[in-house]
Amino acid sequence: MQVNEYKPLIVAFCCNWCSYAGADLAGNNRADYPAEVKIIRVPCSCRVNPTFVLKAFQRGADGVIICGCHPGDCHYTSGNYYTRRRMAMLFSMLDYLGIERERTRLEWVSAAEGAKFAATMRDFVQKVAALGENKRLEDLRCKK
Amino acid sequence: MQRIGVFVCWCGSNIAGTVDVKQVAKALESEPGVVFSTDYQYMCSKSGQDMIKDAVRDHRLTGIVVCSCSPRMHEATFRKTASAAGLNPYMVEIANVREQCSWVHKDIIIGTQKAIILGRAAVAKVNLNAPLTPGESPVTKRALVIGGGIAGIQTALDIADAGFEVDIVEKKPTIGGKMAQLDKTFPTLDCAACILTPKMVDAAQHEKIRIFSYSEVSSVGGFVGNFTVSIRKKARYVNEDICTGCGACVDKCPMKKVPNEFNLGMDNRRAIYIPFAQAVPKVATIDPNACNMLKNGKCGVCAKVCTAGAIDYTQKDEYIEEKYGAIVVATGFDPISLDKFDEYAYNNSKDVITSLEFERLTNAAGPTQGKLLRPSDGKHPEKIVFVQCVGSRCSSCSEKGKEYCSKICCMYTAKHAMLTRDKYPDTEVYVFYIDVRTPGKSFDEFYRRAVEDYGVKYIKGSVGKIVPEGEKLVVQGSDLLNNRQVVIDADLVVLAAAIEPDKSARPLATMLTASMDTNDFFTEAHPKLRPVESPTAGVFLSGACQGPKDIPETVSQASAAAAKVIGLLSKDKLVGNPCVASSDELMCNGCSSCERVCPYGAITYEDKEFRMPDRTVRVRRVAKVNPAVCQGCGCCTVACPSGAMDLRGFKNDQIMAEVDAICK
Amino acid sequence: MQKITEKHLAEKAKDLLSQGKVSAVLGWRRGEFDYDVTPALFTDADEIENGLVYNCFCGANLSKYLVSKIRAVEGRMLVFLKPCDTYSINQLFTEHRVDREKVYIVGIPCNGMADITKIRNAVGEGITGVSGDECLRVETLYSDEPAELCLADVMSERCVNCKSKKHVAYDELLGDEGEVLDSHRFDEVERIERMSPDERFAFWQRELSRCIRCNACRDACPACTCEVCVFNNPASGVESKAPVNEFEEKMFHIIRAFHVAGRCTDCGECSRVCPQNIPLHLLNRKLIKDMNECYGEYQAGEAVGGVSPLTDYTAEDGEPGDLIRRRDTDA
Amino acid sequence: MTNYEETLIPKLGVITDVRIDTPDIKTFRVVTPEGKKAFDHKPGQCAMLSVPGVGEAMFSITSSPTNEEYMEFSIKKCGCVTDWLHSAEVGQQITIRGPYGKPFPVDSEFAGHNMLFIAGGVGLAPLRSVINYCRHYRHRYGKIDIVYGSRSSADLLDYKEIIEEWTRDVDVDVHLTVDNAEEGWSGHVGFVPNYVKELGFDTNRIAVLCGPPIMIKFTLDGLCSMGFEKQQVYTTLELRMKCGIGKCGRCNVGSKYVCKDGPVFRADELESLPDEY
Amino acid sequence: MRKCLYKDIHKIFARVAEKMPLYIPAKTGDEKAEYKKWSEGDELFEGLNTVKSPKDLFFPQSEDLVRFKTEGKNIEITDVREDKGPFAVFGVRACDAKSFEVLDRVFLTEPRDSYYASRRENATVVTLACSRPSETCFCKTFGIDAGEPGGDVSAWIAGDDIVFSANTEKGSAFLDIIGELTEECSCDAVDREKEKIAVIMERLPLSDLTTDGFGGGKTEDLFNRAEWAELSEACLGCGTCTFVCPTCQCYDIKDFKSGNGVVRYRCWDSCMYSEFTKMAHGNNRLTQKERFRQRFMHKLVYYPENNDGLYSCVGCGRCLKSCPVSMNIVKVMKKLGGKKND
């Protein structure tokens, strides 16, 4: 990576059972991923309200990623299926409003996929960094 | 406003190595609500915990933030600490600065910065935490064991011996599972039937055990301590209570050409059958796909010969609903299908068999009464080639097999080879192997005996192709140690097929809301510390459904699962998870969105009277959450348009406060 | 086909009132000018005779009023509903917001509603009279001759792309049963989808920056019947009163679109009432279109008990990325 | 423009003392960071206290203007700002602006008269300022009677000051009451309006009422039946206020703005307002 | 008086904009208009008036009042006021010009609102007479003459010309700025235009609307009238009327936590909103009827009572055009006006 590359702020919502555990496993395996990623633990990806995503952007996040159990593996049976529909609609709506689609992502990461977690985060950070600062969904009051 | 204490753990050098813990503690000191902040080498140690307790007392703390390892590791520990200090345990939040910070970031400046942010988020959350009190629910003191193999039997026996009622649900007409099909067991070579069948009988006769054979679980509701399970007793067209297992019907059944699944199709059974002599329950079962009477109403011989009058062609599937406090999954394994392995000619030649088929061929109760005869022509094979790792340890890109090691193949192949040489010393026996894995008590000695005492020829290398040529099977392989190609004209080839979870496991997992790994093995709650529990409370794992296992391992895990179940059932009340959804009825529209998405049916509605500020009374439909049923996923909170539904412990404002703190 | 006029409505209303079948009538009241019609509750025949009006300015969807007004009325309330309004009422029944038993729905035909802004644009200020139905005669202060306008030319956008002339809920119908139409209501959404992200951003920036946060869209929306709106609730974290900046403008409209997603019947009230003519329905339609494409056709309010795609799922649903990518390949 | 004073921009205040008065009322002492009083005020006036990020709220200044050192606010816990203040500790900075509202006419209408103060619960807070003012300039007023009641003795505000100072004053009669009988309470038991009637004051005095709306209503009725004219009775109103200067429109009732024209109203003034308070 | 060709108006704009920011009613999409800072290419709206009134220029929909930073127990207060300097607004109609007086009486009475005051002092208001009032206009009811629009500079479009006349010192300074683009002229054309306007004013459908029955002291007559129920029954409780109204000035003060501090800002509020008067313990206006009544009572009774009979309505007609359910002050005045309490 280049030295002067933009350091984006990434908020990652991870479900407690799979993705948060996956992130833990990434740690256990000492897998390297950018420190720009800050994880918020939620019981299930379906706990993530579209409002949280918007709030994160308002507060200055440059990218928001939501991670949950693979479809079919939800600890609560079906939560991630709802997440998938909700986020599909939200992301599409943001895209419709002309907000860069690379700033939002939904990924399925199981508790066993520490490597995938790290790789996903590396990729996401890189893509968001390439976009630079979030200008289209920012609240100037929250800028320093 | 809270009075928050922040405790930054060094975790030895695990955290302190890449995070400046002093700086983190210092930085968090000025966060809103924080009145105390410190660091320590091992917060989870007794002295670390004492430090927290002292601080709670000295600084009148109302909330605690521990910057340490993953909450999945020590959240419970610190909640207990808080509890011991007189704080509500849910006033504790963990900032994961080890797994998600110090272990993944190398630079101390970056790591420290991130640790501060994570700590800040935890502080922001604790500021909005409210004391939570878990609800209590009674425990139904009865367990369900799904699967009647050795794992299920052992678990059931242990639970029953502790004095709790146990039901075993077995989909086959008899319990016994795979072990019942085996001949001898490694490494002691005692006969499988001799050690298994007494246990089967024990189970059948145990006053606390009920066996639902030829039955399947059709639905599971409820939650730990209070499961409601619907069991489908498949129609066997024989009244179990009356049938004496005399076998007269079997003898007279004219439908003789039904492949016998117990012998893996190597011989035939009748349309009415008892799987094997020691079957439990020893009652006949009519195969509806084979029986003429059931298919087209012509025959009825069995009914005529049954003196007990047990035959009932009108029998229907029966659904039984039972309540359980705990459920043990013991669904076991199956060898994989070898359809995709054309190179081994399994589907082209009858003399290419699987190891399980080999077990039946050498079993005295098998199709050949224990004589080792070629399935194709019934001749004694003179040259036998065993091929290991068929479908095991495949590369991840291979679509045919499994990535994992099936664990038991090395040992049973050694057993087969040894037994063959023992019984038929003139038979040449070759084993193709990648590695021979023998980590078990007396395992390696066993393998060496096969090589050294019995002259089994082990060839390190894989088999590229097996070509049937006339009566022979030309096995083309490589000998890696001697670096040459080998061609063996074999009479019989035995494939050590990989094992995989039983096909019924996946739908069952869905019913149980228990998670599975990518190979459909059930996931344990913790790979090391909670290996016999599923992450779903009240669901336990026994045997090969969790991963490949041999018999001794299976039995020990079965007993371990039983111990966990006994522990659970011996409680009178269960303390629930207080992090459940709750609806603010003043804001609830009663629109039913939440109810629709709740996977547990935890939400119901009631008409409630509201006294309006203008003194009128208005009746409105509002949602109510059953906290004992709610598992706390939070799906309803997003479905709710008005925001009336919120999730305790993960409230909207808490999550948003975390977002704010992270983005600050 | 019999032409249904306000006389028929008045007759029906008086009839049902006198029979005691209903105790109040929800309709539209004549205003100061021909075009400023106000929703109103009538309880006696004289009021109906003098006040009840039905013309091409009766755009207001009366179903929302039932949520609050019905409480004040003993017995059943008659409500006149145009075809698109019946979808809204069905959705309210589905969500238990209105008790079916307390409503007596009289379905009335609709030829499309006129948009006074379009008329004003055509004839200028000073409109003193508008009459006619298919062809409108518009009298103004500044012209001696009344202007003649074709209703089709000044019809509100939602009516130009009318999705249905069919009443999906009624106790009684005045006039004939209509049909669901093959509308082009998604054309505009598609046009925006085809724009580049920069163009889309500029488009919405231009539109939404005019928002004055008067909340008319919310308060007129028949799907927005929350006991406490999140924007009024300090605990929701999104409470706000003013379009303080570009972010707040977007936030409000995105969240609102989401809250009604799967519940919005596309009645178009939001755009009708917007004093700034922001095409808010294009946000809702986008969601409807996406849901239709991804999860199968669904029309909220088509029947009582319909299941919103967002409270449903299948294991085979596509991933969010697929949806956006697919549109790129389409475009 | 910055050379204008702007009342909406608050001053800094520091909480220098927190006194727990009752289970849900605390009294806060506030000074500027320099240790002075933030501004001068008159009895009955209010100040806007705020906690940035939490909100701003109007409170009556309970200390007397005669106190030159600090201001005090007795605050009942109800709502965001008050919840926050109740958890605040000594040394906490807050913001303060004021004084707002019309004070009690202590130097005009009240001067030379006998005074009857009637308070219920936290309603003593606004009256404390004027009571202490009257006590300070004792010679300017006639006889002073104070009727004060609360749910229980634990809910009596400023109990220590009442007992140790007010009751010891010559020519000040304090009549305390609690709603329900309780152990250890030897004083009067009963509701304030009834107690006022029982005490049977003559009408040669000015009455000042403060308390919950229901108490005010019944006490006012009681006073009228005792022969008091509405012009003799003063009370204070509590409404939602934001700006404190009669501009934001929130506390507008009739042609009055409670924050600017009130919160002190004479009963006859109140009567002329539409019934919306 | 000075004039120039109306078609050259953009030259005037360009000239003024060189000296100070200039706001004009500019066309937005959909034939609507809003006050906008003029820049090259922006065209003057040819229609009557903007959706939102120009009060925005003095009392913006939202503005920051003060900022705070907190650390530990300490608070830092930052005054964020800044003097943006003089500006001009062109094209203000007579009604809106009058509305400034209504607002002034609120914001400039002690304690004066420095945010508003500064903008008022900095502004040069150039009004424009209404050649073609709308059917919704009723400024005459409140004694406003659309032909005599007031402000610092009055302007008329007379024939092909636009004619300017300064009313104040600031106005004269404005005319100096555009001096060389204009020429001195007599008031004949303007007088003719005024006559024309006067004729039209008489013909307006609402020209007979009166304030009889309203004004200070009428609270008792009007407050408990039964008609309020019917008048308010369709009211959705949105804030459209309030936000388009040139004289509505209710506001809310809110704190926004930005993550790196607190911004205290004020924004328009509406007495039509259910939570406007909501307190921790209740609400003194529980129903929409009460809120609806408050708005009109304030405009027609309470405000004039406190302000020498000046009504807080200028008859601009915006609420007539914008209300989603066509409920408005005219309907209220017609229903309740001139009648006694029964």
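In this document, chain identifiers A, B, C, D and E correspond to the written order of the chains, with residue numbering beginning at 1 in each.
As a working rule, a residue touches a chain if its C-beta (ideal position, glycine included) is under 8 Å from a C-beta of that chain, and two chains touch if they have at least 3 such contacts.
Computed from a predicted structure; not experimentally measured.
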(message) If each hop has to land on a touching chain, what is the smallest number of hops from chain A to chain E?
(response) 1
(request) Go through the assembly and pull out the chains touching chain B as well as chain D. (result) E
(request) Enumerate, in label order, the chains that touch chain C and chain E alike. (result) A, B
(request) Could you pull out the chain whose C-alpha mean position is farthest off from that of chain E? (result) B
(request) Decide which interface, B-E or A-B, involves more C-beta pairs in contact, and give its chain pair. (result) A-B
(request) Using mean Cα positions, find the chain sitting nearest the overall protein centre. (result) A
(request) Just give me the whole-number Å value for how far the CA centre of chain A lies from that of chain C. (result) 36
(message) Can you work out the whole-Å distance between the CA centroids of chain C and chain D?
(response) 51
(request) Express in whole angstrom the distance between the two chain centres, defined as the mean CA positions of chain D and chain E. (result) 39
(request) Could you list which residues of chain C touch at least two other chains? (result) 236-237, 244, 310-312
(message) Where in chain E do residues touch at least two different other chains?
(response) 70, 252, 256-257, 259-260, 269
(request) Go through the chains and record each pair that touches. (result) A-B, A-C, A-E, B-C, B-D, B-E, C-E, D-E
(request) Going by the contact rule at the top, pick out the chain B residues touching chain D in the complex. (result) 1-2
(message) Per the contact definition, I'd like the list of chain B residues that touch chain E in the complex.
(response) 30, 32, 613-614, 660, 663-664
(request) Using the touch definition up top, name the residues of chain E that touch chain B in the complex. (result) 70-72, 257, 259-260, 282-283, 286-287
(request) Please name which positions on chain C make contact with chain B in the complex. (result) 71, 94-97, 225-230, 233, 235-237, 259-260, 263, 307-308, 310-312
(request) Would you tell me which residues of chain D are touching chain E in their complex? (result) 1-2, 4-12, 52-56, 78-79, 89, 91-95, 238-240, 242-243, 245, 247-250, 252-255, 272-274, 276-277
